[in-house]
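Listed next: structures, encoded as structure tokens.
In what comes next, subunit A is part of two complexes: it sits with subunit B in the first one and with subunit C in the second one.
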Partner chain A sequence: MSTQPHTTTPQDRSDDEEPLLSVDDLRTRIRTERETIHAVDGVSFTVNRGETVCLVGESGSGKSVTCESLTGIVPQPPAEIIGGTVEFKGRNLLEASESTLRSIRGTEIAHVFQNPQSALDPVYTVGDQLVEAITIHEEISESDARERASELLRQVGIPNAPTRIDDYPHEFSGGMQQRVAIAIALAADPALLIADEPTTAVDVTVQARLIELLRELTDGGMSVLLITHDLRVAAALADRVLVMFGGTIVERGPIEALYSQPAHPYTRSLFDSYDGLSRRGDRSARGDIPTDGCRFRDECPHAIDACAGGDQPPFYTVDDRKTHGASCLYYGPEHDPAPILHDDAAVNTLIEEPTDD
Partner chain B sequence: MTDHSTDRSRSPAVQPDHDTQSDAAGDRAAVPDDSHPLLEVENLETHFPITRGLLRREVGRVRAVDGVSFEIRDGEAFGLVGESGSGKTTTALSALRLEEPTGGEIRFDGDSIMSLSGADLRAFRRRAQLVVQDPNEAFNPRLTIGQAVAEPLALHGMDDADRRQAIVTDLLERVGLSADDVDRYPHEFSGGEKQRIAIARALVLNPDLIVADEPTSALDGRVQSDVLALLDELRREFDIAVLFISHDIDVVRRFCDRIGVMYLGEIVEQGPTDEVLEAPAHPYTRTLLGSVPSLDPSDRELVRPLTDTIPDPSDPPSGCRFHTRCPELIPPEDVDLDRELWQTIAAFRFTLQADELPAAIEPDAGTTAVDEATVRETFGLPSDIPDERVDRGVDDAVDAIVRGDLEVARDRLAEAIPTVCERSTPSDGTDCERPVRCHRYDPSVDAEPLSWP
Partner chain C sequence: MSEPDDPNRFERVDWDEIDRSGRLHTPTRTAFIVAMVLFAALYALESSNVISLGWRLELLDWVILLGVAVLLSLVVVPAVRQRDLTLRVLGRLVSRPIHAAAVGFLAVLSFVAVVGPIIVGSPELAFQHRFHAPYGFTSEAGWHADCLGTMTAGEGVTRYCEGSLTYPLGTDHRGHPLGHLLIEGARIALYVLVFTAAFVVPLAAIVGILAGFRGGRIDDLLMGYVDIQLCIPAIVVFFIGYMYWNVSLLLLLVMFGLFSWGGIARLVRSETLQRREDGYVLVARSLGASPLYIAKRHIVPNITNTLIPAVFHLLALLVLVEAGVAFLGFHHIELYSWGSTIQEGLDPPLTGIGFVMDPHEIWWVSTFPAIALTLTLASLKLVGDGLRDALDPRRTH
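Here is the complex of A and B:
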């Protein structure tokens, strides 16, 4: 059977290389009539050039709000970015004017969403939409823009691009629509693609092709910030993973390290949900997530008094790997993580023992 | 739990004759094997007419379900997996007669349901309940969830309001909500909670079968896991059979005893879940499983079908419906090429046929004409193929592409590399311990099953 092997980019980049994107202590809250939600509550991470960083978590974990805060596309109000810095190519996007942000969104940072229809206008042909995206950022003749539009469609793997360019979005299948949305995102040759659940609405055979497309883009030097709830999609694409819960990052590390030794009890429960049918205890389904200390403590079978209060626990290294950290007291100097690591065999059965490298 | 909880042993007055079933709860072996299956689906066909013009003249038919057979025993969970357009949802709805089948036979508890109507159809539907994917669509926003769950009881003739209330309260507690929730409205609940309530409502009439159409697809992570575990727990406790529709292999693996894999209206393979998923036999099942990324990040291989185009269900390919995409397509009998080369040539043929023209050979891709070398490079075709007839066919096709005559190229390839997969319709093969609709499992066809992985 034909297969496409993929080699990962090295995880250990030299520390002195300036990251493309550097997010520090980002905080976004959402005010509704009834309550204020701390959707993003002190999130820090970096994305290097050519790297795929994956933000993993369930609905409501804050992963989408995090990414929408970076370029200011989160609706304000009800959202309000109340703190932190987002440095992109040396400037703080949180202090940039709306017009600067708009220009960066089109040219340097592009977004792709779960539902490609949100990026496509049903009454214009995909060619018109591509040409528009191209000419906004580039002084270029109409015919050159059309030529480039065809090229973009080819680049994202749409067969018969010169003919399909005159088709309307509804004439494409869901997977092809997502390719068109990616082509529009690529129109200005962005340095960073922020993709929020880009494969969630498509079938697995289509997803496999989109995964290959995203790999080609990062192989070409683009950085990708990928948001997904699907641990399999992250495994297929990420160089590094950030696991989010309750508006905070609870674990982070290179994909291989984190997947072979998931450390935070929340991460481990996520892996558990891929196997077996064990129900969680009698956790209240409507329980509010704490807004201090470890946000997961109310659902954590290992929680201790010290998990409550103050800031989230610091990132302690897991397994002596400097790059793999968990925001969990058990990995600190005063505790022993053994009870967590031995808690559940299911986690390890999911990942095949690495064959000798 | 309230005091009423024990009342619901097996339940509402509507169906006293099934009370004894709960005794067998959780003990699957207790179901005698010689009994008839609860649900028998034989050669089911559900076609939708395509009409045109004022007179709505029928010009074609979408063969959404086209000759599907399976059975579900008491208390068994049977899964139908497949991608969009495979017909799995139509199969499920047809099994409940929520879509009208155009052919075949469906028996429930031994009796045909094909011609039921009126009170008989209602009685059947009391015993076979549906849970849908989107819990938001399942509820009337103006009814409290207590009213919503009680509604089927009232509709089916339980007049005693106190009794209804007791049953509803008990069921809500069983699905993890509290008695206090009965007076709340659907919008006050999360997606996972709403799906729990939908399950409670499906259970309230004490059914023998639940048809669950992607019941956890709108949920993710642990919430999905919880709802799935709940459904599993309840179906074992009450010995309810489940027809489970899903596109998600992880979900099916955890929930179903047996599965059927659907492609373009047919079940291509069915058997015990573990066997099908661990040793998939049909090339489509293999392609499907090979497309799901591994949880092991060092294993990033993804299987690729010959072509990406899913054929139109109103005009499915002749022979085996998967042949236009099948990586295990059977070569002509007298052709003996190594597997990779044969795949390359087959991909060449069906890529042209599906009109998936790669950029390099598009007719008006650029100003320069396409040359032979470019065509060969694009499709990975060697200049010499160690089979005279195939070699000539490929040469002719390449020449035709260079001349811009794709039609001739397609015809020439079809003629040079015929395949039994296109020519004849496979039946469920016997070369495997379970039904696999592929010529490689048919002893009369000169082709062996390929190994997996």
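Here is the complex of A and C:
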């Protein structure tokens, strides 16, 4: 494992460029009859134009709620966005009216969801649903829309698109359904694509091809916010990675820096889990996640008294790379991160070996 | 906004109709408005005697006419606009002989109910021809003043006759031909169907979808009301109305119509609650669709497989209820419902004045309306099931 700082990262961007999406201190809570869950608890990040940002974390860490809060499609109630700003192209989406949000959804920010089987309405042909997605914001004739739909299907790699356009979703395989779902998301040519675990519900071979498709999109200059729990998917696609735990982001950084030197203890345990080294039990075996201080402290082998109380620690730079930050006191001025970095051999080879083979 | 969600619209929405903000002129809405304006104009002109239709229209007829206008604009206009789909669904519907027979029966029933009364007019009293047996049978009670068929036996005022082709289905105690009474009964059944389909079903569907889709306080309020309503027996309310107003079919339709939609509303709500969690609803939201649009385009078509059989069940139920109430005698005396005819066949009115007559001696009076009623109910159920299957694209292969 190298602890040498990377002198350059290709993802370093000039500071003067206005980010496409800038999320600041986003908070969403979910109220149930028994309790209130702070699903998103002060999340801040940015997505630049043409950049692919990957949100990784385990199930229940708040990834999906974060993304659904951005455009307000998280079901309210039970969810409630209680604070923060989501600035997209200079507009604060959290203060926008519902009709403004509607005009942004689909055309500016589109979503792809995890489960392709339920993402398509079973009673309409895929062509109908594509035409729906195209015409929902744009007044064009049906024949033009169908032509676009056919083109979109071809673009996402559906063979025989012109004939398959009149098929119903149940006549497609899971991978093909996800391609259609991606085509629907792309219908209005959005500036930002939010893909929520797009490769999770399909089998491994199909996953590889979907990653290939997503990579074509990201290479094509589209901004993508990708949610995944799979570090290999992130490795294949991301420019930057955000690691999420307990509703907060605990580490962020360019993919190469973060993968070569995972800094936060949670990130390191996440990498360990890939090598079968994880000492963490199953989520159900663990207690509740703390709602203050460092959310990971109960499971952290390095936790100290200072980890409790207050907010999630601020981001401290790792190895003086300002793009790589970890929300861990050990990286602060008063502590030395050496115990974490030398804890175990959290070396990962994921970055060197992209997944789709 | 208030356009009722009609359960028969399905699958391919034509793209002009996609909900764009500020877009009011969809063909269905236009048809609805035109139908309503025509209806209002007709009503105004007729009731102020500017024009005469040649026959007197009761309030009931106006209500049914309004129902026809509603059904035309909300079901027929979209069906014709999407005729490819309509034809495909119809083709699937009649692909099974039993469903085809049921559709055929309902078509004949509707046709007879509309055209029959115009051709044969109102039944007239002909006591001299009472209790004629159907063609091919012989009367068992000697009540005939005139024998139209061959007289088989007779002595004094007692005559036994064979049925004749003048009254192929026989006559009742007033000398009304049974065929005539069946036509009148069919008209009443059609009234019940039109009223229910045009007013009760949209109400139930809208309330159910609203409650399921909006949730929260609206849901509590609507479903609370439905629960109360489900506790009140419609027949009691009908009898209360019966005490204060003239008995009429309209009273029956309104009372039973108002108190019978709760079940469907609950069903629609629970289906809506499930459907709104489906991925495609979230996808539609993520594409910027409005709640109304999602309800119309994604919720309604996906609950049809529950809604359609329930609707046809309600239609059958209300036809049966009307017959039952008429059987009990709480019907308008000039309306020859199947139920009242059955009752008159089972309890011959002449027994009250000292004559003894067994119901089996005039079996045809109760049997034919009972057959018509049974076939109607069975057809409604079958068409409901068939339509559900035909509308489900997953069953096409």
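Going forward, the second predicted complex is superposed on the first by the 326 of 357 C-alpha atoms of A that agree within 3 Å, B and C clash if a C-alpha of one lies under 4 Å from a C-alpha of the other, contacts with A are read in each partner's own complex, and residues count from 1 in each chain.
Quick note on the criterion: a residue touches a chain if its C-beta (ideal position, glycine included) is under 8 Å from a C-beta of that chain, and two chains touch if they have at least 3 such contacts.
A quick note: this is a predicted structure, and the numbers were derived from the prediction, not measured.
Q: Quick one: classify A:N115 as touching subunit B (first), subunit C (second), both or neither.
A: In the superposition, A:N115 contacts subunit C only.
Q: Between subunit B and subunit C, which makes contact with more of the residues in subunit A?
A: The partner that reaches more residues of subunit A in the superposed model: B.
Q: Based on the superposed arrangement, let me know which partner A:S103 touches: subunit B (first), subunit C (second), both, or neither?
A: After superposition on chain A, A:S103 lies in contact with subunit C alone.
Q: Between subunit B (first) and subunit C (second), which, if any, makes contact with A:G221: first, second, both or neither?
A: Once the two structures are laid over each other on A, A:G221 reaches no partner at all.
Q: Is A:P333 contacted by the first partner subunit B, the second partner subunit C, both or neither?
A: neither
Q: Contact-wise, after the overlay, does A:H229 reach subunit B, subunit C, both or neither (first, second, both, neither)?
A: first
Q: Looking at A:G90 after the superposition, I want to know if it touches subunit B, subunit C, both of them or none. Which is it: first, second, both, neither?
A: neither
Q: Give one of first, second, both or neither to describe whether A:A161 is in contact with subunit B, with subunit C, with both, or with none.
A: first
Q: Using the touch definition up top, name the residues of subunit C that touch subunit A in the complex.
A: Subunit C reaches subunit A through residues 10-15, 18, 20-21, 215-216, 278-280, 282-290, 297-298, 301-302, 392-394.
Q: Which of the residues in subunit B come into contact with subunit A in the complex?
A: On the subunit B side, the touching residues are 83-84, 176-177, 190-193, 220-226, 228-230, 232-233, 247, 249-250, 254-255, 286-288, 290-305, 308, 310, 327-328, 340, 343, 347, 355-359, 362-365.
Q: Which residues of subunit A touch subunit C in the complex?
A: For this pair, the touching residues of subunit A are 71, 73, 77, 99, 101-107, 110-111, 113, 115, 117-125, 128-129, 131-133, 135-137, 139, 142, 145, 168, 170, 181, 184-185, 187-188.
Q: Can you list the residues on subunit A that touch subunit B in the complex?
A: It comes out as residues 1-6, 8, 57-59, 154, 159-162, 173-174, 203-209, 211-212, 229, 231-233, 235-236, 238, 255-256, 259, 269-280, 282, 285-286, 350-352, 354.
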